[in-house]
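Multiple structures follow.
Across the two complexes that follow, chain A remains constant while its partner is chain B and subsequently chain C.
Let's turn to the complex of A and B:
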């Protein structure tokens, strides 16, 4: 039988075959799970579409803070007042009131603190403007600092730095350089040092 | 490092610190203003923990409502025009409401001949328990349950007990949060009755 060198060259090693197969299995599993997730999403959106009025009501519920439960919107709160407010929201929608009118209905009774998001007017602009302004300033500072860190030193700084490094380097390394010169002058590391290396001890303790 | 380089480095450090400090200072300033405007607490709990007189919009007309009383009659607030009215929001499970019930029952007997009407509105309660409580407290004034919660929301109710004093023209003139004693109730009633 003629030996097909081309196929033989292309045939992977047994270990590599296993690896390729596992990658294929993983890819197939990923595809299957993605398809299942998409199908589930399609089913949920197709099976239970909420009426437009209920979608509006839920959006308004999410925009109103329960007046007696700190930080909770009325759609999340379990107290009776929040449930009463949800009912009123739906009644007002049924009466044909707009979203703005419904929010104003509750503002008239509880004040602006009943709104989950502050209105875009007066003092409240600070709340809307401060986070993006702070973020912009932070990014500006970050950009500026990275620019500073990446900047090449000027000639004067460079020479100063080289000088400082040279002085410090000589001072720091001088004991070690002297050690090396001593060892080289003696014809290499001592027998005692070699012995300690063989015993698994690097000789530093003896040196110390 | 030369002196000029040091100065430049110091300026850069100061600028970075300012860029970090300014938003922080602004954030805490806004937080402080918001806390002072809200009185330090974003919202209370259902039972009023702070007692005393609360602000009302001077001259605002009391929102009208219809209440089915425990006697089975339909009471309309606007039908009580021409009289001083005290609307009391309460609940049978609320300890301060239980504590002040005898005070209100006794005061009603004294002020009714002077053209004063009390109306009890039970909120966030079970109708049967509210009715039993009203009977046991011996309150002679009309009371009923706000079954849909609309009356409470219309009055911006945030806790119980809470009382609204309405003048003969139908304007809300006083709001009182928490239980009242005979002394505090008398003081308010006498002031309202003395008003022209």
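Let's turn to the complex of A and C:
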């Protein structure tokens, strides 16, 4: 069987050994890099956080739009009104009001458009609800489409299929490819290696 | 000089109209001479537009205020370096730039068209020329940069202060090129549909141009983020502003397109889908240009307010309706060459990728248009800002990064469940370890820990492929570096893609760090006073005020300390432009791989105190590093393969011989 000799020629004899060694080296490399990345983070999370009330105040600053400079939150805006609103936010927090009450305080005075995003209630469920609903629909559609696409091709399409594969140069290989995939599916000690080998140089797909 | 500009613009539109109509008539009448002459007209169009552009640049550099556009967007007081790029500060010059860069790219695309796209080339040319004519025409009729004022004013009105930044050299041209460039793969797709070439002939060319445009748009968006970070002065780089969204929207389907086109290239599948994707991307790209050129939504970026928006919207509608009409006309012919064999395959992963990208685009678009919906149904224009986009788009982006770690490991056609588990075991383990370490290091919330874990998973997926592939080559007797280099070169689309993926992982890593762990505090300091934030201290040393011809520069000098040790001095301040009554911020930034210390001085009070805002923004530098990595990945991906070039050479020679004799 041609494909067998091919693999045998390229596979090192003690496949399992290489496999273990490679996994170890791989694990080491990846752990080293992720550790390096996280070391970066470690340095920065050491920053002592602000008092909780100030954190809350900043979060509220970022949920309120400055009424006279469209699109900018009162945290970002440089105008006096925004700065006054920031002071009010801190005063209301000091009075012990909850975040919702403080937001409502400003909505009562400036209307709903003072909020950086619509509240999750009433009509505005439309803006919050549609994305998850759309995602669910999208996944359903994906399921349905994959079902449709997975149907056995008709006679006519089958010939285009063969033709298309012929253009890609693997028509004569396809029985072997199928066999490889069957055996890969059964699983063996070194099939992971073989799988990555086959895809690694992509020779079977690439050669035009 | 202005006459030269007007004349070259007229010639450009005449040439483009001739090239478009000539190639259609030539195709219809089977007239190779007419086709050739139409092609040459298409080559000449950019020459005319570039000449017009140079005339405009010269007018800015010379302060030729007899031109209304120059007088409106520059003055004698502005910095000389800025006059070289001030010509795209407004609508007129931007349109000229867009028309010139597009016609240049179109000419290049026609000239470099490989044999397999030549049968449809007349139709492709017609589409390309249609777009060129639109931009040139709208400029000539509605925003002529060469309009001469009856009386030449002694000085101009000056340039928008927010544009006075070195980023002006790179960000607007990259973004405009990236947006209009989507028209290239679009033209190849529609041209082939019109010609009835409904197979895979257009795929390689559209993929090449798609990737070039993708990289340009990506860099354009990142430069915009960098610009916002250094000049808008609010400590962040992305605010989900309507105009930022308009730049992001075409990027999403375009990214989906450069992925799913690989499935058609390899397997002859997704033929309808790819065409639909590129039509969508072009629609969003036109929307993006429309938003930048005087859109209806207020934004810090929309500089050119005008009524031109309506013309853009009509052109957008015509394009979308026309493109989808052609699409449905050819619908029957666009069948896949192969069935989808399994939901556990790389094809299926690509499909999921596409669905997720489109979902992000749709939820972003929904957030953008929702204020119009409430306006119509409730009579109130609500704001849909950052909280909405973070919540609805964040998880989708996270899912995309996770898929990026998993999808490329799956084999084409079908994978077995057990084989897949073996493939994914390693990335998943790394992802979990990273998440656990993140929690151990103080990631207090679930989301950032999850996001870091997903970044780890995606990076491990890529590294696994590299290490495995290199190892296999090493066991065949190649040295480690050679093995790695040859591995990358053996399948450039694939390994170039992995490099770009690493860039995306870096982006996600930086975005997670900076959005969950930024700290900021306001201080009012007198000279000599210190303030502490985290392990940093800043000492206000003193301030200066420098009058310039067009602005007053206020600057504070602060000494930075970390853990009590003096480091460097930073300058933070702003320039106030009285003519615009606007200030352009200049942040003082100390950038390290770990975090940025970001100092703003927003106000100087008469008693000598200054109002500071100090941010600590973790990991931001990795955003800027990700850009070059993604460009490198794109270049590797597109690097021509030797065999193919060698095979194409005799064919090209034969073509030339035919052309020479015929």
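The definition used in the following text is that the second predicted complex is superposed on the first by the 105 of 208 C-alpha atoms of A that agree within 3 Å, B and C clash if a C-alpha of one lies under 4 Å from a C-alpha of the other, contacts with A are read in each partner's own complex, and residues count from 1 in each chain.
By our rule, contacts are C-beta pairs under 8 Å (C-beta built on N, C-alpha and C of every residue); 3 or more make two chains touch, one makes a residue touch a chain.
None of these values were measured; they are calculated from a predicted model.
Asks: Touch check for A:32: first (chain B), second (chain C), both, or neither?
Replies: Neither partner.
Asks: Scan A:87 for contacts with chain B and chain C and give back first, second, both or neither.
Replies: First partner only, chain B.
Asks: So, A:79: does it touch chain B (first), chain C (second), both, or neither?
Replies: first
Asks: Taking the superposition as given, does A:54 touch the first partner, chain B, the second, chain C, both, or neither?
Replies: After superposing on A, A:54 lies in contact with chain C but is clear of chain B.
Asks: For A:63, select first, second, both or neither according to whether it touches chain B, chain C, the two together, or no partner.
Replies: second
Asks: What is the contact status of A:109 with respect to chain B (first) and chain C (second): first, second, both, or neither?
Replies: A:109 sits against chain B, while chain C stays out of touch.
Asks: See if chain A has more residues touched by chain B or by chain C, and give me that chain.
Replies: The partner with more contacted residues on chain A is C.
Asks: Looking at the overlay, does A:126 come into contact with chain B only (first), chain C only (second), both, or neither?
Replies: The answer is both, since A:126 touches chain B and chain C.
Asks: Of the two partner chains, chain B (first) and chain C (second), which one does A:146 touch, if any: first, second, both, or neither?
Replies: So A:146 only meets chain C here.
Asks: Looking at chain A, which of its residues have contacts with both chain B and chain C?
Replies: On chain A, the overlap between the chain B and chain C contacts is residues 65, 70-71, 111, 113, 123, 126-127, 130, 134, 138, 141, 145, 157, 160.
Asks: Which residues of chain A touch chain C once you look at their complex with the stated criterion?
Replies: Spelled out, the residues of chain A in touch with chain C are 10, 12, 18, 22-23, 25-27, 29-31, 33-35, 37-38, 40-50, 54, 58, 62-63, 65, 70-73, 75-76, 78, 111-118, 123-124, 126-128, 130-132, 134-135, 138-139, 141-142, 145-146, 149-153, 157, 160-161, 163-165, 168, 181, 184-187, 191-193, 195-202, 205-206, 208.
Asks: Can you check the complex and tell me which residues of chain A touch chain B?
Replies: Touching chain B from chain A are residues 65-71, 79-81, 83-85, 87-88, 106, 109-111, 113, 123, 126-127, 130, 133-134, 137-138, 140-141, 144-145, 148, 156-157, 160.
Asks: Using the touch definition up top, name the residues of chain C that touch chain A in the complex.
Replies: Answer in residue numbers: 200, 234, 239, 241-242, 266-269, 298-300, 335-343, 348, 351-352, 355, 358-359, 362-363, 366-367, 370, 373-374, 377-378, 380-388, 392, 396, 411-414, 416, 418-419, 422-423, 426, 430, 433-434, 437-438, 441-443, 452, 455-456, 459-460, 463-465, 467-469, 471-472, 475-476, 487, 490-491, 494, 509, 513, 517, 519-521, 533-535, 583, 593-595, 602, 616, 618-619, 643-644.
Asks: Provide the residue numbers of chain B that touch chain A in the complex, in ascending order.
Replies: Residues in contact with chain A: 1-2, 5, 12, 15-16, 19-20, 22-23, 26-27, 30, 33-34, 38, 41-46, 123-124, 148-150, 152-159.
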